[in-house]
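The chains carry the letters A, B, C and D, assigned in the order they are written, with residues numbered from 1 in each.
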Amino acid sequence: MSSDRVLNAAVLGATGTVGQRFIVLLSQNPMFRIHSLGASERSAGKPYAQATRWKMSEQMPAAVRDMVVKSCEPALYQGCDVVFSGLDASVAGDVEKAFVEADFAVFSNAKNYRMAEDVPLCVPVVNTDHYAVVQAQRAARGLRKGFIVTNSNCSTSGLVVPLKALQDRFGPISRVMVTTMQAISGAGYPGVASLDILDNVVPLISGEEPKMEAEVLKILGGVAPDASVCAPLRDLRVSATCNRVPVIDGHTECVSLEFAGQPPSTDEIKQCLREYTCEAQRIGCFSAPAQVINVAEEEDRPQPRLDRNAGAGMSVTIGRIRPCSIFHVKFTLLVHNTVLGAAGASILNAEYAYKKGYIV
Amino acid sequence: MSSDRVLNAAVLGATGTVGQRFIVLLSQNPMFRIHSLGASERSAGKPYAQATRWKMSEQMPAAVRDMVVKSCEPALYQGCDVVFSGLDASVAGDVEKAFVEADFAVFSNAKNYRMAEDVPLCVPVVNTDHYAVVQAQRAARGLRKGFIVTNSNCSTSGLVVPLKALQDRFGPISRVMVTTMQAISGAGYPGVASLDILDNVVPLISGEEPKMEAEVLKILGGVAPDASVCAPLRDLRVSATCNRVPVIDGHTECVSLEFAGQPPSTDEIKQCLREYTCEAQRIGCFSAPAQVINVAEEEDRPQPRLDRNAGAGMSVTIGRIRPCSIFHVKFTLLVHNTVLGAAGASILNAEYAYKKGYIV
Amino acid sequence: MSSDRVLNAAVLGATGTVGQRFIVLLSQNPMFRIHSLGASERSAGKPYAQATRWKMSEQMPAAVRDMVVKSCEPALYQGCDVVFSGLDASVAGDVEKAFVEADFAVFSNAKNYRMAEDVPLCVPVVNTDHYAVVQAQRAARGLRKGFIVTNSNCSTSGLVVPLKALQDRFGPISRVMVTTMQAISGAGYPGVASLDILDNVVPLISGEEPKMEAEVLKILGGVAPDASVCAPLRDLRVSATCNRVPVIDGHTECVSLEFAGQPPSTDEIKQCLREYTCEAQRIGCFSAPAQVINVAEEEDRPQPRLDRNAGAGMSVTIGRIRPCSIFHVKFTLLVHNTVLGAAGASILNAEYAYKKGYIV
Amino acid sequence: MSSDRVLNAAVLGATGTVGQRFIVLLSQNPMFRIHSLGASERSAGKPYAQATRWKMSEQMPAAVRDMVVKSCEPALYQGCDVVFSGLDASVAGDVEKAFVEADFAVFSNAKNYRMAEDVPLCVPVVNTDHYAVVQAQRAARGLRKGFIVTNSNCSTSGLVVPLKALQDRFGPISRVMVTTMQAISGAGYPGVASLDILDNVVPLISGEEPKMEAEVLKILGGVAPDASVCAPLRDLRVSATCNRVPVIDGHTECVSLEFAGQPPSTDEIKQCLREYTCEAQRIGCFSAPAQVINVAEEEDRPQPRLDRNAGAGMSVTIGRIRPCSIFHVKFTLLVHNTVLGAAGASILNAEYAYKKGYIV
């Protein structure tokens, strides 16, 4: 990677939990230098260490402690090569639009533009082929350099990885039933009240199920022949049930699925998952995991506490692969919800974009 | 209930977690007097308070503190009208057989005889009609008074309640997909290691899924025309996925189901569940809950910490009733795994048996 | 208690966690009928079930579900015999003052008036003798019937019980070092964020340590000879360290203490604690526990999950009584922080006041 | 460190939780190569991945997966330069003795030889001066190269760090009262049952309090003038209370202490703690933390989830430094119980020993 330059990165929403994860990951990534931190007016003007209630298990990187937080106005971010957004959906719409129109390359974790047809909703170990619509996006909006790529909902991120691997090898999947057990970090801070989750399960995550059901179709779909828009799948039905459990990081998902055609054997499925690779690996992106999918050997895995850090949080771990008495196959997967499920995906998206020449 | 006599009850496996729950519930039940406590040779001869590591949130009833624990030999239990078994499956087979053959009425929580075709596998708010096989059971084994009735696996107990209500009103159900999030108390003591469950989910409960898938068919089925054996359903397919979560009591189950015929509306389902009653209620059993099924009003319920004690642990709480994009309807249910799911079911089974004249 | 009338009770701050606990306890108490529920303007006018996010493990009593919440103006509470305040300290000052001046008998869990010298700060199993200042309080404020009695901070409630028992029998205590491990319910709802407490301990509870250190002196002190004011202890030094731990209900406190004079033996201390009784018991108050102090037999007790419900939450459980290598004795105590530590104390205070003729 | 050679390391008790931590830490340490893994007869002969139930959040290092576990006989460990023992105390006594007598350099986490007067009980950021007795130890036992150094109990490890810093600058400490809140990982696997710790605190850790009270005196003491034995402090009194809390890693300790002489101010104490350094740092040991003591800025720190990984688990974090109303100063400290409190200490002890020429 000797010819690569180090990219100046901004993190918007830097004081939130996703923003904190961006900072931890970027501080360990040789491709980026944290250049600017953006947050709400309330935080702007303060040193980051003062503006933030740091909630990561990792120590706050020394480089950001004294960095003065900026408000989220594009004019203040000159010199940034990439802008990562961990903004709350309530403000992300306007702010991200402003940055894109100011010709920044924006990589967003917010939901606002995920379903826009000319915006890649990209899980970078799955569908980097959707970058093909970036040209159309720029053209439609009259942009020279600016564009936006979003990553998916955290639960979606985990689910699409095996679905993509299986679909590529064994043909279309017709039905997917998924029940999640999601970590509290997905709700931000203060997020879930402790009285709601100690010795408890909350069987609803507001808005999560429709998001999963829709995003999967877009991610597993393709791009229109003229590369103008994404082309979601039409013949897959997804039914999601989402629960919150007393786990700090790592979403566990119990999946049952049916293939449209002749189903493979359990062994063929295991082999397919193990062998799955993605373009971000092949072109040498720093954050791409060595192994996209870890197939767990032990029968009682994956477990969030033990497996969430596999591949530095960028791998998906899958276990309990077995026949389903109703559909064809059942398995349980685990995804690190704030790494591959959020900040890590955005960062790998940016690495990919840079390697492929989208960041100019 | 003035003409009812108080029954002398024995609890086998009295030092275990199910045994402890039996003791708490019996001490609050006017139909029973705790007469004898049975446990392993290691405990026999000791006062109960010494033999036991008490793990209930309720205080140990004063009446049992000094009761001397017996070994599990039928000859030591003269004067007992009913025998409750919270024995471990590794010993329940032989011990329960000996008590039945000694002409005791045995109500067992163990799995050993659940699938025997002339043994009722009875969730007492669901299928007390299976008591019809008791006569055949006695005849086949040459018993005068003795018989055995088992209750189901804790997860099964919750699931069959709404299935029974729906099947009775709307006809056969063809497919049921269920994913559970089960409490640690289901594994006994010491049971689940804390390193396995704090900040974690364990995606396997050994042997649980096949038990659920088989037991549901027997419980929702009927009895052969000659009342000689139980007649499990043949046309229902159940696919179960069982997880352990950091919850002390209360199993949460996410269910999706398909009716064989024309499906009812969500409102019709809610009404059906609310209106469901059972014979144990109608004949005035003490432990029968006033409301078998609580349909939760709030969209984020049921929750184990808040709902497990509904109906003193004998009600099932159901919420999030909504259409499924694959099957017909989805909902989430909660059952108290050591009350309706274990000791409470056995006790209500015994109350029912007494009221119906089976205990002689 | 046949000659007792049932008192009409109001609960202010009825939608909060302390208010919810008041409602649960009052609904189980034959001395009271819940007459009125008061809360903020935001809740006023709504049925209680709608205005409240119920977080108790006990089901919401049917009697309050449809009761319309009132704002906290005394004129709306005619017919109430006692007013319980679970108000937040930010509003309790003015509201409680208004109710007292409107001649209501107010029993408050708020901190605002605890240290006022003519207001009893009363843990009802400890210092009901402080009611002697009520006459002076009325006189000073020109009240006919109205008065206010406060209960203590939840941590203080547990600590003073053994201190009182020991001081009464063995003379003054000179030094008390206490480290607490406090439950999340003490912080209300939403209160402690789950990201702050899962797999964690928070070593600070803001303002708690000075409260404990001051309240103990007042409670263990007496009343001035002319009964005009309370007379706090002067020669006791208390050093408190307060921590939050992932426990739902029940504060655990590790105590080391030094007597001013000749110290008793460990056995004498155990006997003293076991034998301790209070006036609220002797005059037959419904909520007074049969045993004020449970001395745990097992060496690994008290434990919050197992012991918090002792005496329906009104007993203190004490264990690990042993010599201290620095002071004279060490022990660990457990108090139910929302029962004896909050709502239960207020209710027993009201029962006592009624029995002694203060409620007119 | 270019002239350093890589040492071949054996880990005894390799399948236990301390053994697993040794493996994780050694695999990240350039000074060591894992050469041999020893465990009980039950595990011997199996590949490590099969013999072990891995419970670390970090993935099992690839290098050990297929390494065949040996039994703990010295003859099988030829070629090892250092032997780390994570053995259970029930077997450590004999096994460690055998390895020492076979002339191995043994670094043990077990308690068996900690209080032997010619064995350094060494917290490597505190009292590496105790290595002075190694020569006497060898002489007394007729050893040429072999010797044993132990690390302390996990709770002790954290406590002695600030005590050493303060004692060195401000003179003798006379009294220390400490109350701990200890993580479950300290109890090994399966260790603490989940029913004992979810929503709970256990106020006893068997044998822990006397260990802390004795070990502190030895560690903070010196070495006899002739370097024949360690010379524990005589004039310090320590009173310890130990609790188990639902935390995975990281012991929190609330400390109050009194100086023998004139006490320093809070600011002087903070400065002293911040400035503390140790010889292991000065001679460039790999595992020595950059900062031995982190003085937390925020008033609600240290917290185990946020601070346990400070200095890769080798730093102690201290906060809430404030006057005590009874003794001179109070503070709260956090130590990673399986890193500085166990395996990390042994490894740093070995690094120090190598740098100083003890490993020959």
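Going forward, a contact is a pair of C-beta atoms (placed from the backbone, for glycine too) under 8 Å apart; a residue touches a chain by one contact, two chains touch by 3 or more.
In this text the structure is predicted, and so the values were computed from the model without any measurement.
Listed by label, the chains touching subunit C and subunit D alike are A, B.
On a Cα centroid basis, the chain most remote from subunit A in this structure is C. Subunit C has its Cα centroid 40 Å from the Cα centroid of subunit B.
Remark: subunit A and subunit B have CA centroids separated by 43 Å (rounded to whole angstrom).
Per-chain Cα centroids separate subunit B from subunit D by 49 Å. The set of subunit B residues that touch two or more partner chains comprises 55, 196, 198-199, 246-248, 305-306.
Per the touch definition, subunit D reaches subunit C in the complex via residues 175, 177, 179, 181, 196, 198-204, 213, 237-239, 241, 243, 245-248, 252, 254, 256, 299-306, 319-320, 324-327, 330, 332.
Interface residues of subunit C facing subunit B in the complex, by the touch rule stated above, are 54-59, 198-199, 248, 305-306, 308-310. Residues 17, 55, 184-185, 189-199, 246-248 of subunit D are the ones that touch subunit B when the two sit in their complex.
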